[in-house]
Structures are given as structure tokens and as C-alpha cells.
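Questions regarding the structure given below will be posed in turn.
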Amino acid sequence: MTTLGDSFLMAWQLTASADGRLAEIVLLSLRVSLSATLIACLIGMPVGALLAVGRFPGRRILIVLFNGLMGLPPVVVGLLVYLLLSRAGPLGSFGLLFSPAAMVVAQAVLVTPIVAALTRQVVADEWTEYREQLRSLGASRARAAATLLWDGRFSLSTAALAGFGRAIAEVGAVMIVGGNIDGVTRVMTTTIALETSKGDLPLALALGFILIVVVLSINAVAYALRGWAERKWG
Amino acid sequence: MGVSAWLSIDGLGLTEGGTCIIDSATLALSAQRSVVLGPNGAGKSTLLRLIHGLLHPSSGRLAWPERLSQAMVFQRPIMLRTTALENVEYGLKLQGHAAPERRRRAAGALARVGLEPIAGRPARLLSGGEQQRVALARAWALEPQLLILDEPTASLDPASSREVERIIGEIAAAGTRILMTTHNLGQARRMADEVVFMDRGRVLEQTAVNDFFSLPQCDAAQRFLKEEMP
Amino acid sequence: MTARRMVCSALAAACLLAFGPAHAEDRFITVASTTSTEQSGLFAHLLPAFEKTSGIKVRVIAQGTGQALNTGRRGDADVLFVHDKAAEEKFVAEGFGVKRQEVMYNDFIVIGPKADPAKAAGKDILDGLRRIEAAKAPFVSRGDKSGTHAAELRYWKAAGVDLDKAKGPWYRDTGSGMGPALNTAASMNAYILADRGTWLKFKNRAELGIVVEGDSKLFNQYGVILVNPAKHAHVKQADGQAFIDWIVSPAGQKAIADYKIGGEQLFFPNAKP
């Protein structure tokens, strides 16, 4: 039975040797999750901001909905996107299933509600502070949303990083829509799942350590960013 | 004096959640500099917000003989997370002015309030007094015909307060009408042409400033002055 | 306006990253296969040889046989490579596949605790299963409509065990692939039906060993099918057929026979010319 220590050592050796396949897997994970997060921000941030400052029928319901969607199980998202992208499905003609693009789509669907809900919270807090002044200066609600998005950029970076963290750590969605194809759609989490299922636990744990380091680094960056922003811009 | 009113308020009322905040206010504003005085909870800030359009009345109306462009400065200056200059530019950007024009007017406004050297500094890192002067510059850059101020020096130290008073005076001298509230009676005396006195949501008195302080007419005003000035 | 420019470049970056050039120009086919062929390492050995001679890359989706057939029905794969003859023939009969061809076989084995509490050891699969049921010894089933699962159910039936009646806490239906099921069996010290290939590569053995092997009934036939282009026009017919032709050709069959783990051959080519 290998120990945790053996796995840690293995992780270190794998990373230090800059193993080609390992690098390919890590880079693919980053590429997929970064793209998905970027798309999620492009959609989720304006939506979140408008939910915060807007006034329209059904707004409260939408807020509750997005808060709830934050907890969407990744495997369910994977299933839904699979049915959409399968050749037998409505978007089948694009031939996207079992490709990195499909994984990006699935993770974008997963992360957008998170970014939207967190953005809404940030912008709503800002709106409380800025509302009278912005209205006094003549800002429309849409204009105010844009202004507050930029003004809250540091808190929103944290929201984006939270979304990214969720994306890179999930396995349910990418496994189903990606198919875990060697060299094409195999990412850190699906590799961990595969190695575990093969009973090759040390390798799985080694990859797990690397993934943890990635996630911890993201959080450290988020923390440092907030501190720097506070000191620089107040 | 024969100057016609620039705003007529007729039976203005505001009720929120069952509470009457403004109770049938009727008055005509014609002075260059008007100050609204009254104890806490009189509705002074609410009246200003109704006039500015931030709140909508439940009853009554505001009649503007000619539409006046307005700007408002609040008790606590609200600054965006950008430089002082960009904060001043923001209002001009909303009005659709081109970048070079914006920059010129904003820089000019900052210079008039004496903050040209710190134009490039992050606005939120400035002192309270400096931030309030940036807020004034922001309002001034819009060249409003009416400037409304809600207790503009309440959170400032005496030196900054005096600086802010001076700036408001300059804005008034340049032709902008001033409508403000304050708890500082000395300030009211220095700055106002006319006093509007409110108590518990009602407008009770409207008098020239010196007359108000030497001979307040209603009981509430007399009590108010007695408490505020030992 | 800097903000607008930032948004546009972010959008461009996202699209570039997501739909990036990496594999867009590769010539490839999609093969839906079972976990046993991938996890045993056969494909890792076999495919590079094919890719070299043909220039066609093979993307393997490792699913259970049931899921692979469904993938074929939906048109999400070009070729199927599975091991459940009855299900495969049905697939072709329903018009989803063009033709079924035999490729190779391996064998199933029963894995179990070395201590063998049910005394199932030997060369007789049906007898072994009967003893396991009689002793109510813990048994892990894949329960996932895979070829292995289908075989397991056939053996129980042939042994005369009515699973619906006999099922109890001793029979653990895990609904998982071969590897995870072996993991479960290892941690529960249970019996399990497995394919030899996955077992040879499996590292987490705990107290388990081979209990029953060598029965001719344990012979497990693999078949390859081209998904029917008549049903799904986008199927890569030419390249898919090229793969099938290669794998049943002498070159392909030899490559299969050459694959060994620890000197032991796992898969035995038996394509008919």
C-alpha cells in the first residue's frame, strides 16, 4: 500500500521532470477552464449587473434562480450539453461532441450562473452606495451597470477566479461531453478519475496534488489582488 | 425685489409606508441662495431630493417656469475607483461630451477648487475635504443652473468646511442658484440670502436670512434657534 | 474606450482558446469501445501502428458496451469495437451498423479472495458461481450493461441461478466500469467476474487473486462494426472502413497478438478472412 508521502514524491517527480503528457493534460485543463470562465464572465457579468440595478417584472425570481443555479451538479450539466451536442441532438450538425470545444461549452454553462450571481451581489452592494450620485449625474440604469462593473473590477476578478476554480476542479461535465479521449479531451480531473478506476492510485493522487496546487495558487492570487487593489484605489 | 420664482412648489407631499414625511409643502423659490433649516427629521433632505428628482411626490407638484439644469452634492462624497480627474469627467461623459472637451472642462473645474496638483491621484485615497471639493468640481464642471447641496460640510473639519464654503460662494457668484441644507447656523448666516424653515415635514417659514435670525416668526423656529444657539 | 476594447479582446481570446487550431486539421475517426480494451493498454499499443500506416488518428471513447452501442445509434461515433455478440447483432439488424466482424477474443476470469471462502476455485465457471451463491459470499457486479455484465448475467442463468430470487446483500450491483468495480471488490474482499486484460493491469489488488479460469465458456469475443452512413450521413465511412480493414488484416491481427503484459498475451486475434 503506497503512502501519502510516496504520492507526494511522485507528484514532485512528475512535475520536475516536465513530463510531456502531464504538461499536455495540465495545459488542456487550463485552456478549457480559462475559455469557459472567460465566456461565463462575458455573459454572466452584464447579466448580474443588470439584475442588480434593473427594475423589471420577474427580477426577484431571476435572482433566486441564478442563486440556485450556482449549485447545478456538473454531471447534470454534462448530460444536458451532451444531449444538445450529440449528432442525434439539435446542435449535432456542428460535430462538437467529444472535443475540447464541447468541454468549454459545458463548463461555461456551469460557471455562468456562479459569475452572474456573484456579480449581482457585488454590483448590488455598490449600487446601494452609488445610486443617488449616479442618478443625480444622469446615468441610465444600463449606464450605471457598466460603470459599476468597472468600478467593482477587483471584487469581480475574485468572482471570476471563483468561477475558474469551480471549472477546473469539476469532472462530471467534461467527462460526459469530452469522452476522456487520450491526447484530445483528457484533463486533470478526468485523468484522476481514470487512473483511480484503473487502481493506479499513486498517479491519481500525484495529479490530485498538482490540481490542488493550481487551485490554491488561484486563491492566493485572488487574495493578493484584493489587497493590492484596496491600497491602490481605495 | 421683484425677482420671479424659479420654482413653485404646490402642496407637495410624500408618504412612505404609512408615514407622512413631507406634509403639503407650498413655497416659491426665487432667491439666488436659499438655505433650508430645521431640526432632525424635519424632511429637509427629502425636500431637496424631491426637487432634484431623486424621489417622486405622492401628492402636489413642482412647477418650473423654465427648466433648470441641476447638479447635487451629498453629505458624503461618492467617488469612483478612478482618479480625481476621471471622477470629474464622469458627469461630462454621461452628457456625451467628447474626450478632449471633457478633459479641458474637468481640469478647469479641478483647478478652480484648488486641486489641480492631485488630479491624477486615486480619488478614494484623498482626504474627506479633498473628496468633497472633487464632488463640487464634478458638479461645477457640468455648469448647472441650480446646485443642490445636502449638508455638504457635515463630515468635514473646520478648515475644509471653510474651503468648501468659499467654493460654493464662487459658484453662486458665477450665476448658479444655490439650494442647500445645513446644521451649521453660522454657515447658513454667512451663505444664504433666504431661509426656508421646516419642522416635521411642513414648511413653516420663509424669510430673508437676517430677518429669520433676528426675528423668527413661528414657535418652532424660535425653539429651534434657542436650542441651536446657546 | 478601454473597457470596450478589453471586452472585445477577451471575447477573441475566449474563442481562440476554445475552438483553437490544435486538432482542427487532424484527420481522425471516433471509435466507441469498452473500458477493457482501453484500460488493458491494448489501444495504446495498437493504434500508433495504424496511425502510422494510414495517417488517420483514432480517438477512442471508452464506455461500456451498452453505452457504446447507444453512442453508435446516436451517430456520435464512426466505428464500434465492443464485446456482446447478441447486442451487436441486434444493432446491425436494426440498421444502425453496416456489418459485424469478429476481431479477437480474450477471456473472462473470476477474481476473488485468495482464501476462497466459497470454495469456488477451479476450471468450471458455472459450478463456481453456484458455490458463490450457495455460500452467499460477497459478489460485485458491474451492473452497467457492459459486455462483461451481459456475460455475467448469461453465466448466472446458465448456472441455474435465478438472480431475482437469489439476490441479497451478498450481491453488490455497483453500476460501474471494470476498474472501479475491481476497486470495490478489493475493498470488500469480494468475488467478481473480470476480463483478464484489465486484471493484469490492475494495481490495487489487496487480498484478491484469480479463482476460476480456463473454462471455454469464459471466452469473450470482440466485434467491430461500422456505424451505418445511411442512418448518419456524416459518419466517416472511408476512414472508418480503413480502420476495420486494417484490424482484421494480417498486420492488425499480428499487432493484437503481439500485445503482452508481463510476457503474457491478452487478446487472441480471430478475424475471419
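A few remarks follow.
Labels A, B and C are assigned to the chains in the order they are written; within every chain, residues are numbered from 1.
Assume contacts are C-beta pairs under 8 Å (C-beta built on N, C-alpha and C of every residue); 3 or more make two chains touch, one makes a residue touch a chain.
Since the model is a prediction, treat every value here as computed from it, not as a measurement.
When chain centres are set by their Cα atoms, the one at the greatest distance from subunit C is B.
With centres computed from Cα atoms alone, the innermost chain of the structure is A.
Averaged C-alpha coordinates put the centre of subunit A at 47 Å from the centre of subunit B. In whole angstrom, the spacing between the mean C-alpha positions of subunit B and subunit C is 78. Per-chain CA centroids place subunit A at a distance of 32 Å from subunit C.
Within subunit C, no positions touching two or more other chains are listed.
For subunit C in complex with subunit A, the touching residues are 3, 7, 10-11, 13-14, 17-20, 22-23, 30, 35, 38-39, 43-44, 59-63, 73-76, 176-180, 182-183, 186, 198, 201-205, 232, 234. Those residues of subunit A that touch subunit B in the complex are listed here as 129-130, 132-133, 135-139, 143, 147, 151, 153-154, 232-234. Those residues of subunit A that touch subunit C in the shared complex are 31-32, 34-36, 38-39, 41-42, 86-89, 92-93, 95, 97-101, 104, 146, 150, 179-182, 184, 196-201. On subunit B, the positions that touch subunit A within their shared complex are 49, 52, 54, 71-72, 74, 78-82, 90-91, 94-95, 122-125, 138, 142.
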